[in-house]
Amino acid sequence: MTGLTRGSVRPNQWLRNLNAKIASIPMILTAVVIFLGGTVWTVVYSFTNSKLLPRLNFVGLDQYERLWEAPRWIVSIQNLAIFGFLSLVFSLVIGFVLAALMDQKIRFENTFRTIMLYPFALSFIVTGLVWQWLLNPQYGIQSIVRSLGWESFSFDPLYDADIVIYGILIAALWQGTGLVMCLMLAGLRGIDEDIWKAARVDGIPMWKTYVLIIIPMMRGVIITTLVIIASGIVKVYDLVVAQTSGGPGIASEVPAKYVYDYMFLAQNLGQGFAASTMMLLTVAIIIVPWAYLEFGGGRKRG
Amino acid sequence: MRASVSVRGLSLSFGAVTVLDKLNIDIDHGEFLVLLGSSGCGKSTLLNCIAGLLDVTDGQIFIHDRNVTWEEPKDRGIGMVFQSYALYPQMSVEKNLSFGLQVARVPQAEIDKRVARAAEILQIRPLLKRRPSELSGGQRQRVAIGRALVRDVDVFLFDEPLSNLDAKLRSELRVEIKRLHQSLKNTMIYVTHDQIEALTLADRIAVMKSGVIQQLADPMTIYNAPENLFVAGFIGSPSMNFFRGEVEAREGRSFVRVDGVAFDVTAYPARTPLQPGQKVVLGLRPEHIKVDEAGAGEVYEATVDIEEPMGADNLLWLTLAGQSMSVRIAGQRRYPPGSTVRLSLDMGVASIFDAVSENRL
Amino acid sequence: MRASVSVRGLSLSFGAVTVLDKLNIDIDHGEFLVLLGSSGCGKSTLLNCIAGLLDVTDGQIFIHDRNVTWEEPKDRGIGMVFQSYALYPQMSVEKNLSFGLQVARVPQAEIDKRVARAAEILQIRPLLKRRPSELSGGQRQRVAIGRALVRDVDVFLFDEPLSNLDAKLRSELRVEIKRLHQSLKNTMIYVTHDQIEALTLADRIAVMKSGVIQQLADPMTIYNAPENLFVAGFIGSPSMNFFRGEVEAREGRSFVRVDGVAFDVTAYPARTPLQPGQKVVLGLRPEHIKVDEAGAGEVYEATVDIEEPMGADNLLWLTLAGQSMSVRIAGQRRYPPGSTVRLSLDMGVASIFDAVSENRL
Amino acid sequence: AELEVTHWWTSGGEAAAVAELAKAFDATGNKWVDGAIAGSGGTARPIMISRITGGDPMGATQFNHGRQAEELVEAGLMRDLSDVAERENWREIVKPSSLLDSCTIEGKIYCAPVNIHSWQWLWLSNAAFEQAGVPVPKNWDEFVAAAPALEKAGIIPLALGGQPWQAAGAFDVLMVAIAGKDVFEQVFAKKDAEVAAGPEIAKVFNAADDARRMAKGSNVQDWNQATNLVITGKAGGQIMGDWAQGEFQVAGKKAGVDYTCLPGLGVNEVISTGGDAFYFPVLDDEEKSKAQEVLASTLLNPETQVAFNLKKGSLPVRSDVDLAAANDCMRKGLDILAKGNVIQGTDQLLSPDSQKQKEDLFSEFFANPSMTPEDAQKRFADIIAAAD
Amino acid sequence: MDNIAKNSMAASIDAVGGRLEDGPRGAKPKRTLSRRNIIVYGTLIVVSLYYLLPLYVMIVTSLKGMPEIRVGNIFAPPLEVTFQPWVKAWAEACTGLNCDGLSRGFWNSVRITVPSVIISIAVASVNGYALANWRFKGADLFFTILIVSAFIPYQVMIYPIVIVLRELGVYGTLTGLVIVHTIFGMPILTLLFRNYFAGLPEELFKAARVDGAGFWTIYLKIMLPMSLPIFVVAMILQVTGIWNDFLFGVVFTRPEYYPMTVQLNNIVNSVQGVKEYNVNMAATILTGLVPLTVYFVSGRLFVRGIAAGAVKG
């Protein structure tokens, strides 16, 4: 063939898609420097006894030992587990049920949707405040019910250490389920109309169709929703601070608050880092394999 | 005569849009009826009304002389097969087949029997344990048919079941559906916009346009004696060639004059005599035109524009009377573009339509 | 001879999956090459490699003798048309056509000229101001072709441009593409899995299977003398009938014995003599079988299972030698299921393949 | 020059007190730019620390004096005030001298103390006891004894906010009152875990158990909400530092008439000398650095001290000022201070880390009736053993 | 009139097997109070009450005076409507020495939110586009890191980011804050955009490449105009997120840039005797007004956008 022309030489692999790579620099920097770097930094310093400022005085696993001996950490973990599990389950269930109801070709759909979604636009400070108030036994729901004549009625979740986490859950659901509902609704709208028809011809009752056919078909939506809810759950902090500050006592403490308090109030960075490392580790154990299946592994796009 | 499915004065509107308007149709026991029409003409809507998946605006539907207008789909004794298969994706093929029966609390032994029979008939026994995602398109559609089959119903409804398949599979499954109908002998209503399917499968075809049935007849009648211009153009591939002209009468013979060329249509079996001066459309099917062969009628000359060899036959695109027309010749005779051919036209199998009413004359 | 497009030792893998493996092909100037194959065989992948939309793993690509293996798509002198039209939805038709030229900073006057010419050729002038969403499928595809046209390139790549259209439009646009090729005379590479398109459009067809070209020849050769069993079964609708049997030699004549029936294949122009005892597959096209007519070869009796009247012709499904087979007869002769017919087979146009290697004998 | 001053004094009395500082500083021809962040030190401190370490320091910032800023100083981020201190003779005027010691690291002075806050006070609502029909108690034991009567009258005996530092503080107060100054120093200054596990402290835990029972039902978070319960007579009393007095003042209550204060819970009249101090980050700006010096000296200026502390309800850091306007309670405090019955505050003695652990412990203890005093004491001893 | 008569005539004559038609005809009669409707609308209305109750309480309370609130019933409508709490929340509430309420932070919030929203969306959409359409080696790895990062509590990252910002010399500036918002918005937004762009027909992208459009041209001329819904979704998420942010606004800037939420936090958390609930509620609503407006204005697009983007995992 003819002599070498420009196109015949395999260009440097690094220069291919150069623009795309340049455009991705912010992302790569963020991912590597901030998130990965920050994580590694955090892990490294979790083995030190850094106080107010990060210092490289390595103390081995001391911080971790202390962490797992701290009753507050244990309570935090338990709370996160309960809160996480329940809010995952409830947001998904409630969100789905609402979406299913909204999908019944109802009137005023826009109005209902707006009502359910507006809390999402409010900040946690606000949510916490309002619900703290509604759940306050002196002013809130309890006092109203009592004033209606049911004297023994008792509903003060925020002041009862045994159920305080459920009180927080109420507010969390109030704020979050609207978004879940919207995601689910979008998912439902994406389901092939013919499936419904087939199920009706087969005489499958509505609820069975949802449970046995539709839900399994919504895997994609459910996963996206899970990521969004779960990332919110792991990070839950503001809501607890705004509603109870972790009280009564330490009954509603959560890991993110432990991290924050020990880093900044106790000025024991090492302890805070150890706690965050434990959180990250848990998240990584759950997420990485999933992310790999979902995005890696040479799967086709989409 | 009692019909298997009767539709009486059926109307259906989506809000202000009326899709079906006072439609009537009777379908006999064991008949294979094809609803044929272009996209959006209301075929699926009609089928969904019969199935009970859409609430009618007006009219009645009878299945086996039972008024089912307000019945639930499952109680109508119908089975339905969809274009997109609509298989339950997370269930195995077996589960897909048996699910409806289980919900209806049919005894397990009976379920097994019916599933086995359907799997036998459709030859999907080896697939029973698979998921729909592990099946090819044709296999999926077979399962979808199986799902209707196990319901042991008398009326099968098909909504473009083969549209998502490639040509080869389509022709294979077409034969299978035909075979199925011959062995089951139940009523089938089949929606399609593919005329080959309609012609090969149907006992009778209902050609629809904008919610109105244009012609309801057996395939040969539809093909050979289309009731109007729409049906004529819609059926047949390549399409019927149309020549717009005027009737002339000369020396006891009738002609249709088109752009200087006079076609002798004396042999045409007109229902009402052609009036000289009447504006008409002359329709000729590509395969009814003989090329370079002695034929019954007159001979015309035309030039080849393009040829499309299709293996078994060859499609020629010609210019005649200033109009492009196609001619199908059997075998592998080749005519390079530019060559001149002699056409003989048989007016006995032509169609003539009134240019205004567009109805057959 | 200098080829317009040459592919040399092209390999392409997605991760561990090798889709194309050391593929070679030369396409002449002005040739219309069709890549034909079933879904997933790598047709689009090959076309994308030629277009520069996929980075090859190994091998080289030449367009007009220029090595373009690593060139950007826009610098290769190609235009491409996609199955889903891929029109830019937010731009008017005019903008769609001129976008590429504007990106390349072609002077406005030149752009206008080229757009006008393309609009002229494709008869889309009245649509220029519309958005793609306001066009019908056929119009959209025409615009998509126009977009390739304005680029004034020598090589056109089509990736199943007609698959999304319905049968009627498909046959219309097919003719237009053919006409376009005849007038432009540039090189076209056309991917399809529709054999009618392949047969009617191609100068040469490359039949592909799992990334390997099975046969590269002109349509008639492919149709009449398929190189192997795959090509034979893939081309032709309805498919070629296959009979698996064993060669027998008797009294100076050769037979293929299938399930008790001996087919006399002495007339078959074998490339290598048939060996007695050899396991072979005998292939007969449905349209090469004569029914109840005197023919060149021997006569066999068969029973009609099903008939599929298709308007212009009639397809019969028969049982012969214990196997189902199809026969296409012209016209409207009807044979009800169950009737017996007499077949005469012409072995001169049959195909015989080795049962093991599956290659033509 | 403009000097931004960050602090977390946002309640009514606090804000009024800050206004005095600002006024005094503005009078020097500079400008006080207020950087208040509400939500107590917990919210504010990370912000302050990030800004200092982030290289965008404010002009001056409040910390509780003690060990909170230790590392910032060690990292060289804070300004050495030795010159100003020298010039203004802080060593002489600041009383008790332990205040300045807390500001001193390796012989250099890094902060300007502005007040003395003592924790050891029991604030009692005279109205509440009147309503319950019992005399206003004179000490902790009487208070405990009066509790049932209060409860019967529908009054919460002891108001205690939900924030963890309140519980921990209350315990420290009980410890000084019940176990005495020496034990307090043994435990917190010497970090003697044996003492912490010993019988003296066990007594304190029993008292805390009483307090816990009495505090049941005070469903409030913030300390001043708890104080408000006392002010309005919904609660009998509150163990809280002298800053609570500011709230009484803002509410227009009069010491001795509307409310009663018992330093050292009326048992052991000792007060701790924690308090607030201002730290000055190192600034590049020449002019601002000068202004910092001016601010530092303004803060210890006698007039400022008086004006500020009267509003804040705390004690001045210098003994040479005239507090004629001081009210009843403040006077009691000044007397004790003059007698030298002082101890260091836990902020000065313990690292924030140990403080936090302590807070966690007491926050849990006070909220969770099922936690026995014995268990709590064991954990307390562990914390002391691990403290540095 | 005539027509109706004819129709009914036709219907009665039109018979199957010669007998008159009887039985159901036309649309199945639907009662407004069918069991299904009661369940569906009943549930929706009850649920709506749950969602609306806090809003109702907020509004009602914000219109009451403190004495009325002290008396007690938080659900009772105000006896005497007063807008004083709103005025106070907006213009008078004190934080330390500054008594100009939320108004002080409002423009700061706008100044922070607008650039942060624009830049974070711009960056994330380019990322998503690059990931979906220009898959280069390692892209998936970075993406996975990003997704995992969505789970990192913000607090953990404060120190590393303080260090980074300090080294970049933008600590305490608006630029720094915008960078922080961009960084923390990146994981979820990138996921959203990547899925959306991956859902667009790939052939469109190929066609544009054949047409000679490069990375940026395709992004700007082809992808952007097609992606309005997902941009609306991203915008809503970011506006709500950034507008309501308190932590970053206060940690990474200086007081002159403090957003409205700092004031809100100050109003809510600095207690002067009794909590002034009416002012708190008014402040709360005022703060939420901007995201709520954005939300109401683009609510429809929101759902459409979610349908388009987020759904395919």
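All chains are identified by letter, namely A, B, C, D and E, in their written order; residue positions are counted from 1 within each chain.
By definition in this document, a residue touches a chain if its C-beta (ideal position, glycine included) is under 8 Å from a C-beta of that chain, and two chains touch if they have at least 3 such contacts.
To keep track of the chains, here are their UniProt names: A = ABC transporter, permease protein; B, C = Nucleoside ABC transporter, permease protein 1; E = ABC-type sugar transport system, permease component.
What you are looking at is a predicted structure, and each value in this text was computed from that prediction instead of being measured.
Least step count on the touch graph, chain B to chain D: 2. Shared contact partners of chain A and chain C, listed by label, are B, E.
When you average the Cα atoms of each chain and compare centres, the chain farthest from chain C turns out to be D. Among the inter-chain contacts, the highest number of C-beta pairs connects A-E.
Mean C-alpha position of chain C lies 89 Å from that of chain D. Centre-to-centre spacing of chain B and chain C amounts to 26 Å, using the average Cα coordinate of each chain. Between chain C and chain E, the centres computed from C-alpha atoms are 52 Å apart. The geometric centre of chain A is 38 Å away from that of chain D, both derived from CA atoms.
Multi-chain contact residues of chain D (touching two or more other chains): 46, 53.
In chain E, the residues that touch at least two other chains are 158-159, 265, 268. Against chain C, in their complex, chain E makes its touches with residues 201, 203-204, 206-213, 217, 221-222, 225-226. Chain D meets chain E in the complex at residues 4, 6-7, 9-12, 15, 18-19, 22, 32-39, 43, 46-47, 50-51, 53-56, 58, 222, 224-225, 228, 231, 247, 250-251. Chain A makes touch with chain D in their complex at residues 51-53, 70-72, 136-138, 156, 159, 161, 244-251, 260-268, 271. Against chain E, in their complex, chain B makes its touches with residues 1-3, 6, 8-9, 22, 24, 26, 55-60, 62, 65, 67, 69-70. Residues 48, 51-53, 72-75, 78-80, 82-91, 99-100, 103-104, 147-148, 151 of chain B are the ones touching chain A in the complex.
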